[in-house]
Amino acid sequence: GMLGESMDEHESDQTILLEANIDNQNGEQLGYTMNRLLSEGALDVFFTPIYMKKNRPATMLSVLSKPESKQKMIHIILAETTTLGIRTFECPRSTMNREFLTVRTKFGPVQVKHAFLDDIEKYSPEFDDCARLAISHKVPLAKVCEAAQKSILDRDWEQKSESVITE
Amino acid sequence: GMLGESMDEHESDQTILLEANIDNQNGEQLGYTMNRLLSEGALDVFFTPIYMKKNRPATMLSVLSKPESKQKMIHIILAETTTLGIRTFECPRSTMNREFLTVRTKFGPVQVKHAFLDDIEKYSPEFDDCARLAISHKVPLAKVCEAAQKSILDRDWEQKSESVITE
Amino acid sequence: GMLGESMDEHESDQTILLEANIDNQNGEQLGYTMNRLLSEGALDVFFTPIYMKKNRPATMLSVLSKPESKQKMIHIILAETTTLGIRTFECPRSTMNREFLTVRTKFGPVQVKHAFLDDIEKYSPEFDDCARLAISHKVPLAKVCEAAQKSILDRDWEQKSESVITE
Amino acid sequence: GMLGESMDEHESDQTILLEANIDNQNGEQLGYTMNRLLSEGALDVFFTPIYMKKNRPATMLSVLSKPESKQKMIHIILAETTTLGIRTFECPRSTMNREFLTVRTKFGPVQVKHAFLDDIEKYSPEFDDCARLAISHKVPLAKVCEAAQKSILDRDWEQKSESVITE
Amino acid sequence: GMLGESMDEHESDQTILLEANIDNQNGEQLGYTMNRLLSEGALDVFFTPIYMKKNRPATMLSVLSKPESKQKMIHIILAETTTLGIRTFECPRSTMNREFLTVRTKFGPVQVKHAFLDDIEKYSPEFDDCARLAISHKVPLAKVCEAAQKSILDRDWEQKSESVITE
Amino acid sequence: GMLGESMDEHESDQTILLEANIDNQNGEQLGYTMNRLLSEGALDVFFTPIYMKKNRPATMLSVLSKPESKQKMIHIILAETTTLGIRTFECPRSTMNREFLTVRTKFGPVQVKHAFLDDIEKYSPEFDDCARLAISHKVPLAKVCEAAQKSILDRDWEQKSESVITE
């Protein structure tokens, strides 16, 4: 049946979610902090708009990290932001198996992330490859994405890498 | 005293909160996913606007489910969205006791959710009943809501159902 | 028919909408700015969460003012925020006729805003009256709102003020 | 050249944008209002989360309408919401030429919106067709979207309708 | 090295995060609820804009509390809001050591929060002091903040309090 | 008096605000579009999270441009996004006079934007200078910002450029 099974146990790894509410630092500095955290190994960094007391528009900084990077991430957040307290959640993450493929397009090769689990298969062209080709060929991004999509649907693989993504 | 006690242990059941950050799927498809999850038994589904790396406006999908539906919900999210990782939180939920009542209004009967716990009592007319009556009577929704509210305040019950909501 | 007419011209006055995108000032200061603008005569002040270049979460400050206050509002925004440019829109506003009434409740009198136009009538209890009574009577706010609502539905007016709101 | 011309005058029609800030009505009722406005001929209805005075999370209701529907839309907003004032903007809209096509997929026919202007061409499968086929075939929506996308990229037209969309 | 250590265990205390999704209560009432919770001892209260089923713009209420206040906070949320279920998370919080200092400025004394941990030191002028001085001296807030900032950078302490903040 | 005058006419130039609601394109592509528009001469580009019909989380793309770039911006938006209609507003903008200065800090020189109008003067260190110095000196960004702020408060100018910003 469709999406039917409900008993299986999906793959899972352990991550840490860190959260800090920030109402006394500006957006310029928060954009910088996002880049710093990503370059130091954060799995993901994102901002959520929130509303705090005294009519303050504010931002919740969320950082997803591997357990072994937790203290490093906390240290960077404390050093780079004005926050004095960081909430910490242990957070199992259900993931799919992943591998890289490459498809041919008329604009050049594009790497493709292939994810698979149970009966689910998903292919997504690497965004940075598409963006680079659109810029260099002076065409709208959609043209490159469509070309990659067509090659994926035609299973027009150039090569199949062995590497497994661990992000 | 007012809202005074602080020692009691409120009712609680166990739920699962699932979260996925989605930056490579469009809003049309996410609206569809919300409906799919609700029709397959999710307790609640909601979207939060977030901001991810590389200037990407994105959406956090949150799904609240019963523990026994957790793997089914994860499977649907993996099948219907582009996400490759779903964060999982165990999440006790403090709830109120609930029962259904029905009130008479000049537009017709409206079901009312009666919630009670300690010294707290809340009555809320079922939205879908009010909406249906507003449409069929060609009056603004507020007129039906007000009529239901007045009947509730007058305790003008039509019948008291035995059913207990387990949502 | 229901909400049927489409030809009438509704009441209208002229207002000015001012907008500024702010990515280099913190939320504490913006909350202060909101209060300053309101105390200097702004009709309305509100914040919208936006996302700007370089991964910056930011806030759009919007101020609605009467035409004669426009330059004063611009001056305050320039003085109290970091923005260097304020967008200005002329903005006709369709409004309803308004008057104040007062209803009796068991908690005390509550002022009610009565709005009317064509066949539309709306009554809303003044929030600040309800909040004050809830605090002084140590009851949940909803109890006071419900009492005011019931008195409105019963048309239990205490007095009908002559004043017309010009906000 | 790429996206090169900057001198052409793009197509344009006239629309009206209506805005109302709502802090004293709940989300259930606002969802209803969106549906009411769309069923009465609004071109578009959307909500923006805003933050108002006194720590109030609120919603800005925006309605895009044809000039001839302006008064009707204002009347519905006044009747169905608590707002007492609606901001009005005249709003020229640059649009693309549009026509409907139909593509064959293994799940059935899917209507496609073809937009064109200057050297720009865009094709998008009708979402509701894809959603209906996904439900009836019990497959993830992405499978139907991909099939439609592939047929579009192959220019596998079933028929070309003459109708022009005026939305 | 810069932000280098990753092995240390930062300070931590235990907090409780409570969450409730609210789609059937208005913003006026939610602003009141925020104030009520803060005055009853919540460590932090904030709102996140979310989007729920049936096109409902809604608000997630989040309350951070000490473990010993958990049941009191739950009781207030149940009494003051329409929610029937409150999600509960145990949430260790990494914090910095804190003390109060006072700096001299030409507008008057301003209290300063000094936070320190490892090699990180942060000083932030108390917002309410700055706001009060700006109002009483009739100058833009930024002038007072700058004066306080300059005194902090000059380490121009007036007194060093012994008190440690436990917020 | 404080912020007192209300009669003066502030400086003003003319800009164009373009808006498009996007519910069928993903965040990766929108981030790319922001960069494209900025590199082609947009004055400002920002995203606002909105909620559209059928439970769709969506993004409003806003582009501020000079009048002479309007058609070029419209063309890029039509080419790079899925939108079929772009709302256009004429938008006078109140601005401040601006010049560049440079301050000395122990980390190196930092350019400073000096804005002035009436009795208002604002100085802001160029963010990109601060970020570059923080990275190269391996210190938290706040340390560089503070150093620049101190030099500004001490009026420790290195040079005063003649250039006037026209952004």
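Going in written order, the chains are labelled A, B, C, D, E and F, and every chain counts its residues from 1.
Here is the rule we use: a contact is a pair of C-beta atoms (placed from the backbone, for glycine too) under 8 Å apart; a residue touches a chain by one contact, two chains touch by 3 or more.
For clarity, every value in this text was computed on a predicted model and none was experimentally measured.
S.K.: If you walk from chain to touching chain, how few steps can bring you from subunit A to subunit D?
M.R.: Graph distance in the chain contact network comes out at 1.
S.K.: Among the chains, which is located farthest from subunit E on the basis of C-alpha centroids?
M.R.: Taking each chain's C-alpha mean as its centre, the farthest from subunit E is D.
S.K.: Rotation angle, subunit C onto subunit F: superpose the C-alpha atoms of these two copies and give the value as a multiple of 5 degrees.
M.R.: With C-alpha atoms aligned, the rotation comes to 120 degrees.
S.K.: If you line up contacts by residue number, which pair in A-D, C-E or C-F shares over half of them with D-F? Let me know.
M.R.: Answer for D-F: the repeating interface is C-F.
S.K.: Report same or different for the subunit B and subunit C interface, where same means the shared residue numbers exceed half of all residue numbers found there.
M.R.: Same; most numbers are used by both subunit B and subunit C.
S.K.: What chain lies farthest away from subunit C once each centre is taken as the mean of the Cα atoms?
M.R.: A
S.K.: Where the centres are mean C-alpha positions, what is the separation of subunit C from subunit D, in Å?
M.R.: Each chain reduced to its C-alpha mean, subunit C and subunit D end up 29 Å apart.
S.K.: Give me the residue numbers in subunit F that touch at least two other chains, ranges are fine.
M.R.: Touching at least two other chains: 3, 24, 28, 34-35, 47-49, 51-55, 57-58, 79-80, 89, 120, 122, 127, 140, 142.
S.K.: Among line, ring, star, complete and other, which best matches the way these chains touch?
M.R.: Shape = complete; every chain linked to every other.
S.K.: What residues of subunit B sit close enough to touch subunit D in their complex?
M.R.: 28-29, 32-33, 49, 79-80, 82, 127, 131, 134, 140-142, 145
S.K.: Mind pulling up the subunit C residues that touch subunit F in the complex?
M.R.: 21, 24, 40, 48-53, 58, 60, 69, 71-72, 74-76, 78-80, 82, 84-89
S.K.: Spell out the residues on subunit C that touch subunit B in their complex, using ranges where they run on.
M.R.: 1-3, 49, 51, 53-55, 57, 120, 122, 138-140, 142, 146, 149-150, 153
S.K.: So in the complex, the part of subunit A that touches subunit C is made up of which residues?
M.R.: The touching residues are 22-28, 30-31, 34-35, 47, 49, 51-52, 54-59.
S.K.: Give every residue of subunit E touching subunit A within the complex, in rising order.
M.R.: 3, 5-10, 12, 15, 17, 34-35, 38, 44-49, 62, 64, 89, 91-96, 98, 113, 115, 117-118, 120, 122, 124, 127
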